[in-house]
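Note that subunit A is present in both complexes that follow, paired respectively with subunit B and with subunit C.
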Partner chain A sequence: MGIQFKDVSYAYRGLKVNYDAIGHITLDIKAEGEFIAVVGHTGSGKSTLVQHMNALLLPTKGNVVIFGQNLPPKKNEKINYLRQKVGLVFQFPEYQLFEETILKDIMFGPKNFKSTEAEAMLKAKRAASIVGIEESLLEQSPFRISGGQMRRVAVAGILAMEPEILVLDEPTRGLDPKGRKDLMAIFKEIHEKENKTIIMITHDMDLVAEYAKRVIVLDNGLLVYDGPKETLFDHPQFEQFHLDRPTSLKILKHLEKEIGIPYQAKYDYTSLLDYLKEVSHE
Partner chain B sequence: MIKVNDLSFSYNQNDEALKKVSLTIEKGSWVSILGHNGSGKSTLSKCLVGLLAPTSGEIYIDGLLLSEENLPSIRKKIGIVFQNPDNQFVGVTVKHDIAFGLENQCIPHQEMTEKIMHYAKLVNMEDFLSKEPHQLSGGQKQRVAIAGALAMEQDILILDEATSMLDPEGTREIVELIKYLNKSLQKTIITITHDLSFAGLSDRLVVLKDGELILEGTPKEVFLKEELLKSSHLELPFGLALYNDLARDPKTDPKLLEALWAFNSKM
Partner chain C sequence: MNNITIGQYIPGDSWLHRLDPRIKLLSLVILLVGTFIIPISTEWIPIASMLGIFVGVIILTATAGIPLKKVINGLRPIVFLLTFTFLIQLFFISDGKLLTTFDFHLSLTSVIAIILIIMFYHWSKKYIKFKILYFLFTVALVFFAQYMLPYVLNFYNYQLNIYDQGLIRAGFIFVRITNVIIMTSLLTFTTMTTDLNYAIESLLKPLKWIKVPVDVIAMMLSLTLRYIPTLLGETEKIMKAQASRGVDFKESKFKDKVVQIISLLIPVFVISFKRAEDLGNAMEVRGYIIGAKRTKIDEYRIGFADIASLVIITLFLAALIVGRILG
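For the complex of A and B:
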């Protein structure tokens, strides 16, 4: 099942002209076990793409199939339930907090999907503990906590709906390094423990290198790469993707050129450090 | 020159967002104010432009005390661009947005048009003058916001996390723009950020932690205080952290360290 895009295009309507955001996208995303980074320039269509994944946007051409539901839907077909199956965390989701207490805010999602008060509370508490919001905070206002905490409360609001797939639009943007690390650790744990598919938009190639298994690259609304991260950064057409390389690979390329340390792709800090220690000790 | 003396600010009675902060920012320099989320760095920037009135302490800009009656003169000296471009786009189109401040200053139409063109060009948005905000990406909107601030032609410009919403290429463009404003137009630049590699480009760094100024100096001086930075939830750029970790190991080949150092100074 999962999510399939079949030759999908979407055009925004401007006042005078239509504005093509994405074109002819074909994709297959499995319901389990994927960690996908969606990357590309500002304005390349990343947000437009992921908003199709829970039917917030409907294709103007082509079809999207979400857990077997064909989109655009037939007349009178209800598609609301898809938003529970695929949880979408927007950019700066803390701007959408609105309730009196943190607990009520997190309960809003499950209650919308017909959970009883008691069920919603149970789900909300579970979600709060996943994102590391302590019980003692739950009765406080969501507006009197730090920015990093607000972000985590907003994420908990999506997790409480118990979606099967989690879509994150630049989840770490604007957070400080500590907040970024903490939040990514939460997503990594959800992915590893529950084998949940996570799709994440990001501009941060270091995050792509460390967390993603598969990368989707958009350029001007077109899909120009879809495959494992291991073959992305050394792709012959990489320069045409207008992407940066992760710092780890930049360092390795530099060291190969300057002092002949053999280039071996290392995607995270620890494995790079270990590798450099190893070659340096020989 | 900006002089801040014992500046304190509280949003509520129990919690001080700024605690007796004192600092001097030289004319024509580029200073980065660093700190974790909630460290008080944005509060400080809002005090500097007179959007928040300090609970105690003073700010002098070019010798002029920042006070309610001096505010009109202060605002001619110092401008600010905020983090989120969506919250500061007020025009119907790019052109109208850049014009907003100029219109408030009642500048003649011809002069206004010239200024709009000039500053739109400076930020590389001259081909988008008739675009509406929803047709622009976040980065493009941010460049428009910067053009709008530049059109006010103040000597001091504060950029509060102005690059945190941009992609790497957008960030590079803004960095080049900041360098140009600072070096060629001699503007005093204050950037608020938690990105140490970005801050490393400025002349001086000021580090805030829980409302207190805990560290001040050149990037090199500040980056050496790794433990203090860590305790402030700030992280050294990837390459510098790697350098430090390898340098701690006596068996590391000095040639490797040298090459890594060269990589870092290239950034």
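For the complex of A and C:
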């Protein structure tokens, strides 16, 4: 189960010519235990790719299989239910808020998927507590809170649907460092506690290094790398991916060159600091 | 969302693209006046001039490098109007020579046939490529059924007498509306909105003497046009975001649809206000003052081709007026 891409291409219709946004992508994403980062520079087809994962876009060539449902679907086959199984959080999701109160807005998703009022309320409250929205805020208007809180409410709106796979399109874009860290901590916790697969588009290589287990690199709509992050940064063709290295690896490379500390890949600051302490004690 | 053809600029480098926007707009106005000056009659001069305009705009379209398909797509919203004006003209004008007569019957069989044809049309139209032709074919089929099936409970008979006058007038109006639509869409196809805006501003300049804020109106107009695609894009994004939350804009019941429309409207409303505010600030920091004198980044110069086309168009209008007075 999970999501399978079989030689998928998607072409946007242009005025005179169609141009491919993604081409010949073959992927296999398990329903549990994955934390995937999708990277690539602007216009490489990342957003187009993830919109296939909950059937918002249907492949113009090839097949996507989401939890056994083949796409593009046959005539009269309903695909709306897939969007409950794969929750997609868009870029700047705070713009999708519209209800009178935060609670009602979070309940909107589950209610669309046939939850009763009481069930939806329960799910919404659970989701709100996961993203750290206090109970006292729930009856307020979603337009009266700060940008960072709005984003969390929007994320809670997706979490309340209890999706099996969570897809995030640049979730931390436009947030300050603290907001970014808090939000990523939430996703990490969801991933670790419930063993949910999380797929995340990002431009921030530090986030890739710290959180992702597997990385998918797109370049000009083509899949150029799909594998664990550990081998990505030492990949012989890394320069051709047009990516930056994460700060921690840059620091380590620099220290190796300047003062001869042996290079060892560390992907977050805590383990980097521990390693440096260890080296200096020797 | 992407099927809106009216007002859609098609990039190109034909002579029609390069024509001065003021001249183009003025020529359009003159041509429109010309089209409506031609009297509806069965004389050969009006018919010839109307058909001449039609051939003319088709040639213009071809030389401007606009795909004919785009132009026909622009006609799509008025196909209903065209068909019904044509039919009404055909039915109600009874002057001139009688050409043919059809006997139509409304009976149990023909009514059932009509219902079946319409149902079949609605079911099958999504598979047909040439929708306009298919629609016309269906209309023809509906009348054919009334003609062929006078059986069982024949409760109403009527005759369609086609007179030569009726046919010509119907065709005349048909061509006239088509001409107007093609001409207008040709202008928007070949002129960028900024240029069009400049043309409007420039042609409305005389109104400044009576204290009409022409430049402000022109700016509002251009901003509105500019923001249509942006807001459409935002709407599409919000639609997708709400679809991810389970909104099914296509398949749900009417009762649910109301809430779903709200879930689309409010975010778009909020976004457009935010955009307007951002834009207002951006304009202000760049020194936009209402009513202040501004210079243009592009200077427009009237060239030989511009004058030539204006002269030709004016002569054409003069000829039409003379034709009308003499006729």
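Just so it is clear, the second predicted complex is superposed on the first by the 282 of 282 C-alpha atoms of A that agree within 3 Å, B and C clash if a C-alpha of one lies under 4 Å from a C-alpha of the other, contacts with A are read in each partner's own complex, and residues count from 1 in each chain.
Operating definition for what follows: a contact is a pair of C-beta atoms (placed from the backbone, for glycine too) under 8 Å apart; a residue touches a chain by one contact, two chains touch by 3 or more.
Treat the numbers as computed from the prediction; the structure is a model and nothing was measured.
Novice: With everything superposed onto subunit A, say whether subunit B and subunit C fit together or clash.
Specialist: Because the two structures are overlaid on the shared chain, the partners are seen to clash.
Novice: Applying the touch criterion given at the start, work out whether A:251 contacts subunit B, subunit C, both or neither, answering first, second, both or neither.
Specialist: first
Novice: Looking at subunit A, does subunit C or subunit B touch more of its residues?
Specialist: Comparing subunit B with subunit C, the partner touching more subunit A residues is B.
Novice: Give one of first, second, both or neither to describe whether A:143 is in contact with subunit B, with subunit C, with both, or with none.
Specialist: second
Novice: Identify the partner contact of A:112: answer first if only subunit B is touched, second if only subunit C is, both if each is, neither if none is.
Specialist: Once the two structures are laid over each other on A, A:112 reaches subunit C alone.
Novice: Any idea which of 169-177, 295-303 or 313-321 of subunit C is the one running into subunit B?
Specialist: Only 295-303 shows clashing C-alpha atoms.
Novice: Residues on subunit A in contact with subunit B in one complex and with subunit C in the other?
Specialist: 15
Novice: Given the complex with subunit A, which residues does subunit C contribute to the contact?
Specialist: Residue positions touching the partner: 2, 10, 67, 234, 237-238, 240-248, 251, 262-263, 265-267, 270-271.
Novice: For subunit B, which residues count as touching subunit A in their complex?
Specialist: So the residues of subunit B touching subunit A come out as 35-38, 83-84, 132, 134-140, 161, 164-170, 194, 233-235, 237-239, 241-242, 245-246, 249, 251-253, 255-256, 259-260, 262-263.
Novice: Quick check: in the complex, which residue numbers of subunit A touch subunit B?
Specialist: 12, 14-15, 19, 41-43, 92, 146-148, 173-179, 181, 203, 205-206, 242-244, 247-248, 250-251, 254-255, 258-259, 261, 269, 272-273, 276-277, 280-281
Novice: Per the contact definition, I'd like the list of subunit A residues that touch subunit C in the complex.
Specialist: Against subunit C, the touching part of subunit A is residues 13, 15-16, 51, 54, 56, 78, 80, 83-84, 87-90, 93, 95-98, 108-109, 111-113, 143, 157-158, 161.
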